[in-house]
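Okay, so here's the structure we're looking at.
Going by the order they are written in, the chains are A, B, C and D; count residues from 1 in each one.
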Amino acid sequence: MRARAFTITLMALALAACAPPAADDVDVHRTTGPLSIGFVDSLSGPLAGAGTDMLQGARLWLDENGGTMSGRPVELLVEDDHGSTETGVQVTKRLVEANGADLVIGPLAGNVGVALGRYVTTTEVPLVYPIPTSDVFVHENYPTVFPVTGTAPQFNAPLGQWAVAKGHRRVVTICSDYAFGQQVCGGFADRFRAAGGELISQIWPPLGSSDFAPFISQLQRTPADAVFVGLIGADSVKFLKAWKDFGMSGRATLLGSDPAFDQAVLRGVGADAVGLVSVGHFAEGRDNPLTRKFSESFQRAYKKLPSYYAASGYLAVDWTARAIAANGGKVGEAADFVRVMRSIDYPDSVFGPITVDDRGQPVYSVYLREVAAGPGNLPWNTVTETIPDVGATGGLSYDEYLSRPIFSRGYQGGTP
Amino acid sequence: MSTFTVAGLAAGYQGHPVVDGIDLTVEPGEAVALAGRNGMGKTTTLRAVMGLAEPAVSAGSVRFGDVELHGKAPHHIARAGIGYVPQGRRIFRSLTVAEHLAVVARPARAGYEPWTMDRVNELFPRLAERAGQFAGTLSGGEQQMLAIARALMTNPLLVLLDEPSEGLAPQIVRQVGDIIAALHASGVGVLIAEQDLSMVRRVADRVYFLDRGTVAAQVTAAELDAHADLLERHLGVGAGHA
Amino acid sequence: MSGGELLLTTFNGLSFAGLLFLVASGFTLIFSLMGVLNLAHGSFYLWGGYLGLVTLGATGSWVLALLAGALGVALGGGVLERLVFRRVRGIELSEVLLSVGISLVLADLALAQFGGDSLTIAPPAALAGSVELGGLVVPRFRLAVIVAAVLVMIGLAVLLRRTRVGAIIRAGVDDEEMLDALGVNVRRVAAAVFVLGALLAGASGVVGGVFFGVYPGADAEMLLFALVVVVVGGLGSLQGAVVGSVVVGLVYSFGVALAPDLLYFVLFGPMLLVLVLRPRGILGGRL
Amino acid sequence: MNMRVTGLVVLVVLAVLLPYGVGEYWVGIATEAAIFAIVALGLNVLMGLGGLVSVGHAGLFATSAYATSLAQQHLDLGFATSGLFAIGVTIAVTALVAALAVRTTGMYFLMITLAVGMLVWGLSHRWSSLTGGENGSVSGVRPAGVTRYYQYYWLVLGVLVAVAVVLWYFQRSRAGMRIRGTRDSAARMTSMGYSPAAQRFVAFLASGTVTAVAGVLYAGYYPVVSPSTAHLSMSILFMLMVIAGGSSVYLGPAVGAIVLTVLRAAVSAETQRWATIMGLILVAVVLFAPDGISGTLRGRLRRRTAVPPQPAREPVAQGAR
C-alpha cells in the first residue's frame, strides 16, 4: 500500500514536471475598460500617519478627475504593507499575480521599496514610486521603476551648503538609524562638509525610539551651533517635545530634513512648531496657485493640511495619468511606460517645476522652509528661499556620484 | 447546626479513583474521627468535601442539613459553616498572625457564641503573644494552632481537621488535642482525619476506619479498646501500646 | 561623559523608571495573584493614553483626562475579566493566549479609531516647562512623574501591607486554594486585582502620552519594558517592580547614551541572564 | 490506517496538481503555507509533544533565513550549501537557547523564549552592517532547475512531506516517547532514571532543526529577509497555527498553518483588520475549541461514530501549569 502510494505520488510529480502550468496573461495593451492600479502603502505600523496622507493625496486626484484616466475608469486597489517588507512583497505579488494590476504605485517605507524594486523587475509591471527612494535606485537604475519624487539624499544636500552659508559651521546630526534616515543624513552631511562645515558628531536613534531624553542629554553640552534633524513621523514629534522640555530652545538652531518638520509631524506638535526651519521639495504654504489650490482642496476633503506624503501621492497619480494619456491610453510594456514617464516635464506642479535628467531621475526645486501660522492658525511650512534644479547627485557628475558607495551609516559622504 | 452527611462520595486524581462510596455522618456538636493509614483516602475525603479542584469528585453528595454542598465553590462551602484545617497547616507565610485571623473573619451565626479575636486569643495565648509576627517564623506547633484559630475565625459549625498531629512533638500533640477537645466542648462539631491513636482517643466520640477508599468499620470511642484488630489493621498499633 | 551629562542621564533614567514603575506595578500585581502574564497590559496602557487624549481634547481638564484613562481602562479590564478571562481562570496558558488575542484586537481597534499619527498629550499647565535644579535643566513633568511613582509605590505598599484587602491579596498570592477554602471569594479578589492592574495601566497611559506621545506600537514597546522590569526585579513582587524599574530605567538611559547599537542586548541580555540564573528574579516571590 | 494513508496520498497528489488549477499568486500562497506548515510541525514537537510553549520560534526561523541569505552573499554559497550552513548555524543557536531554557517549564520557559526571540529581532534590526537592518538582506536564491514558481512550490511541498514523515517516526520513537513522558510527568521520568531537562533539550533541538529547514526555504521564497521575519508577531502567528490547528492531532498544526495562511491572504485582500481577526480567532480557539480545528473535528467524528471519547486533556495547557 505504501509503496503504491509512493509510486502514485512520484508519477504525479513526474507528470507535473513534464507539463508546466501555463502562465496567465494580462493584456496590458488594452485601451478600453477599467485601469487597475495597485496602491501599496503603509496604513498601519509606525508610518501609518504618513501612509494615510499618501493615500488621501491619491484619492484627492481621482476625486478631482472623476476617477478616470484617459477616459478609463480607475480601479485603485489599495494594499497595506504595515511597514513590513514581507507584507509589502506579499500584497504586491497579489496585485500583480492575482489581481492583474496594470501598474503599481508605491510604497511608502524605504525598506519595502528596496524589496519591491527587486521584485517588480521580475514581472511585467511598472512600479511608480511616489516617495523619495533609497539611493539604491539611482545606482541600480531599474528600467521599470520610476522614482516620482527623487531620492532621500537629494533634497537634503542643499541644506548642507545653506547651513555653512548662514554661519552654522559646527553641526551635530540626529537621524533615524535605518536606511532612509541614513541617506537623508548622508545627503546633508556630504554637502555640509564639502562646503567647509565641521560635523561634530552623529547621533543615531533607532526608528521608533521610546524616549528621546537620553539623546537630548548628549546634545545639551554640545558646542554645535546647529542640529540637523533627520527623524521621521512620531520620532520627530517626540524629539521636538523633549527638545522643548529640556529647555534646549535657543541653545542651538534646529535644521530640519524634509520629513522632520513635515505636516505629518507639525500636526502632532501644534503651535510650538512655529519658527522651525527645514528644507524640502514641498511646502504646503508655498505661495503658488497650484500649491494653494491643492492645500485648500486637501484641507476641505480631509480636515487637515497636506503633508509631502499627501502631495507625493497626488503627484504620483497625476504623473501616471499623464503618462497613460501620452501612451495612447494604455500602460503597455513596463519599460516603455517608464520611458514615457521619464519624458514628461512639469513646468509647474504642487511641488514646483520638475524636469527629468538623462538618467531618468527627476530634478526639483528645493525650498528652505519656515513654519508659520497658517489657515485656522495651524502651523504650516512657508518658503523663505528657493534653490532651483536640484538633482539626485548633489551637484556631482553621475560618473563621480556612481563611483561612490550608497549612503549608509558607515558612509556619510566625502571621498571614501 | 444540622446533621452533616456524606453519602456515596467517590473522588480521585486525574482519573485515578482514590475514594469510592464513602458514607459518614456527623451529628450536631459531635466529634468524629476518620482513622486510617496513609494513602487510605482521609485527605482525599476532606478535600472532596471542601470542593477543592483536585480531587475531582465523580459521585456522591455532601449535605449540611438540607443544603447540598457538592458542586459548590470552596468559599461557599466554607461559608455554609465548615471550617478547614488542612494537612500541613498551609499558613500564609507573608501574613502576620493577626492578619491571618482578620483576613478570614466571618460574621457570627445565630445561636452560637461568636469567635472573635479576643476569644481566639484567649484559647491560644501563644498566638496572642505573636500577633505581629509573620506566620512563616512560627514553630510547627504554633503554626498548627494558627491553622485552627484561622478556621475558627470563620465561625464554623463543623471543623474539618486533617492530621493535626502530623510532624509535631508528643507534648505539642497533647496541647493540640486539648484545644480540639475544648472546641468540641464549646459545641462546635469536629471531623478529624488522624492516624495518631492518642489524638483519636482524646478527641473523638465516634471513629470511622478508612481502608482503600471505603469505610471499613465504625465504632464509638467507648468501644475502641474492644477492637484491637481494627487498631492493629488500620492504625498499625497493638492495643497494648495504647 | 561629563559630570552634567552624567547627572542628566541619571535623571532621565530615573524619570523613565518612574513611568516604568507605573506600568509594571499593575503588571506584576496581576502576575502575582494569577501567575499569569497579562500580555494585554500594553494595550491597556495604549487605550489609557487615547482615552486621556480624547477627554483632554473634549474637556480641557487634565484631571478628567487622567480619570478617564484610568477608570475607562479599569472598566474595560473589568468587563474583559468577567466575560473572557474568568472562563479559563486557573489554566495559565489559556489565560496568556487570551491576553495575546485581546492585545491584538485592542491595538488594531485603536489604529482603526485613532489612526497612525503620533499624538501627544499636553501636560497640565502647572507641570509644563522646565526648572533648573543645581545647574541642570529638567522638565517639570518628568520630575512630577518621579514624585507620582513614589506616591503610587507608597500607596500600593500601604494597601498591601496595612489593609485587610491587602492582606487578602497577599494571602491569595501565598495560597489561593486555602484562602478559598476559608470562605474568601478568591475569584472576586482576582477580578479586583485585575481591575486595579488595568487602572494603573490606564493611568500610566495618560502619563506616558505626555512623556512619549500616543501612537500605534507604544503598546508593544511598553509591554516589553514592563516584562523586562518584572523579570529583572522579580516576578510578582512590588519591591521587585521598584528595583526592576530603576535598573531598567538607568540601563536604558545610559545604554542609549553609550552603546545605542547594543540596546537590545543591554535590555534583553540581563533579562535572559536573570531568567536562567534566578528565575524568580532578583527579589522574586513576595508582594 | 490504510484508509488514512490513502487519504493523505490523495491529498498530496491534489497538492502536487495545484499549479494546474490556480494561478501564480495562489501557488505562491500555497508555497508559503507549506513553509509555515513545516514550522508548525516543528514547533509542535515542543508544544504538543513536549508541553512547552515557545513564543520565540520566529527568532530561530529568522536565524536560519538570515544565515542562508548571508552565506549566499558573503561566502558565495549556492542554495544547497548555504541551506546546510544555515541549518548548522540554527542548530547551534537552538542548542544554546535550549541549554538555557530546558531547566524551566511553563511561564518561565515562555519568557526565556520570548527574550531570545526579541534578541534575534533586535540584532536583525540593529546590527545593520551584517543584516542590512530595516532594509533586510537580499535573498531569493533558488536551486538551479527549480527557479519557476511552481517548481519551487513542488520542492517545498516535497520537503513538507518528508518532514511530516520523519517527525511521525520521531514522535513514535523512544526519544519521542521520553519527551511525551516528561511532559506528562517529569517526576516519573526522573524516577525512571531519565533527566527531564535532557528530554526537553532533545525536543527543542528537533524543533529547532525543522524550523531551520523552513527558514532556508523561506529565504528562497522571498526576495528579501527582513527583521519582521523575527518579530514577536511572527512567533505569535506560529503559535496560533499550532493551537488553532490542534496540537493533539499529528497533522493539526500543518492544517492550522495552511488554514491561517490562506485565510490571511483571503482576508487581507478584503479588509485591513487582519490583526483583529487573528486576535478574535485566538480568543475563540482558546474559549471554544481548545483542541483546535482538527482536534475538535476529530472529537465530533469520534462522537458520531460512537467510539468512546478520549479522556479530556488540554494538550497545550498542560505544560504551562
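Couple of notes before you dig in:
Just so we're on the same page, a contact is a pair of C-beta atoms (placed from the backbone, for glycine too) under 8 Å apart; a residue touches a chain by one contact, two chains touch by 3 or more.
Keep in mind that what you see is a predicted model, and the values were worked out from it rather than measured.
Steps from chain B to chain D, taking the shortest chain of touch contacts, total 2.
Graph distance from chain A to chain B, where chains that touch are one step apart, equals 2. Taking B-C and A-D together, the chain pair joined by more C-beta contacts is A-D.
Chain centres computed from CA atoms place A at the largest separation from chain B. Taking the mean of the C-alpha atoms as each chain's centre, chain B and chain C sit 43 Å apart. The centroid of the Cα atoms in chain A and the matching centroid in chain C are 36 Å apart. For the pair chain C and chain D, the distance between C-alpha centroids works out to 32 Å. Looking at chain B, one finds that none of its residues touch two or more other chains.
Looking at chain D, one finds that residues 125-126, 272, 275 touch two or more other chains. Contacts with at least two other chains are made by residues 108, 263 of chain C. Arrangement of the chains shown, judged by which pairs touch: an irregular graph that fits none of the line, ring, star or complete shapes. Looking at which chains touch one another, you get A-C, A-D, B-C, C-D. Those residues of chain C that touch chain A in the complex are listed here as 2, 4-5, 8-9, 12, 15-16, 108, 111, 115-120, 129-130, 132, 137-139, 141-142, 211-213, 215-218, 221-222, 225, 252-254, 256-257, 260, 263. Interface of chain D with chain A (complex): residues 2, 5-6, 8-9, 12-13, 16-17, 19-20, 23-28, 125-126, 128-129, 133-136, 138, 140, 148, 150-151, 154, 158, 161, 222-224, 226, 228-229, 231, 265, 268-269, 272, 275.
Put simply, chain A touches chain D in their complex at residues 1-2, 5, 8-9, 12-13, 16-17, 20-21, 23-24, 43-44, 79-80, 84-87, 89-91, 93-94, 97-98, 110-111, 114-115, 118-119, 134, 177-179, 206-207, 408-410.
By the touch criterion stated above, chain C contacts chain D in their complex at residues 35-37, 84, 87-88, 91-94, 96-98, 100-109, 112, 220, 224, 227, 231, 261-265, 267-269, 271-272, 275-276, 279. Contact residues on chain D toward chain C in their complex (touch as defined above): 53, 100-101, 103-104, 106-108, 110-112, 114-116, 118-119, 121-123, 125-127, 232, 236, 239, 243, 272-273, 275-276, 278-283, 286-287, 290, 314, 316-317, 319-321.
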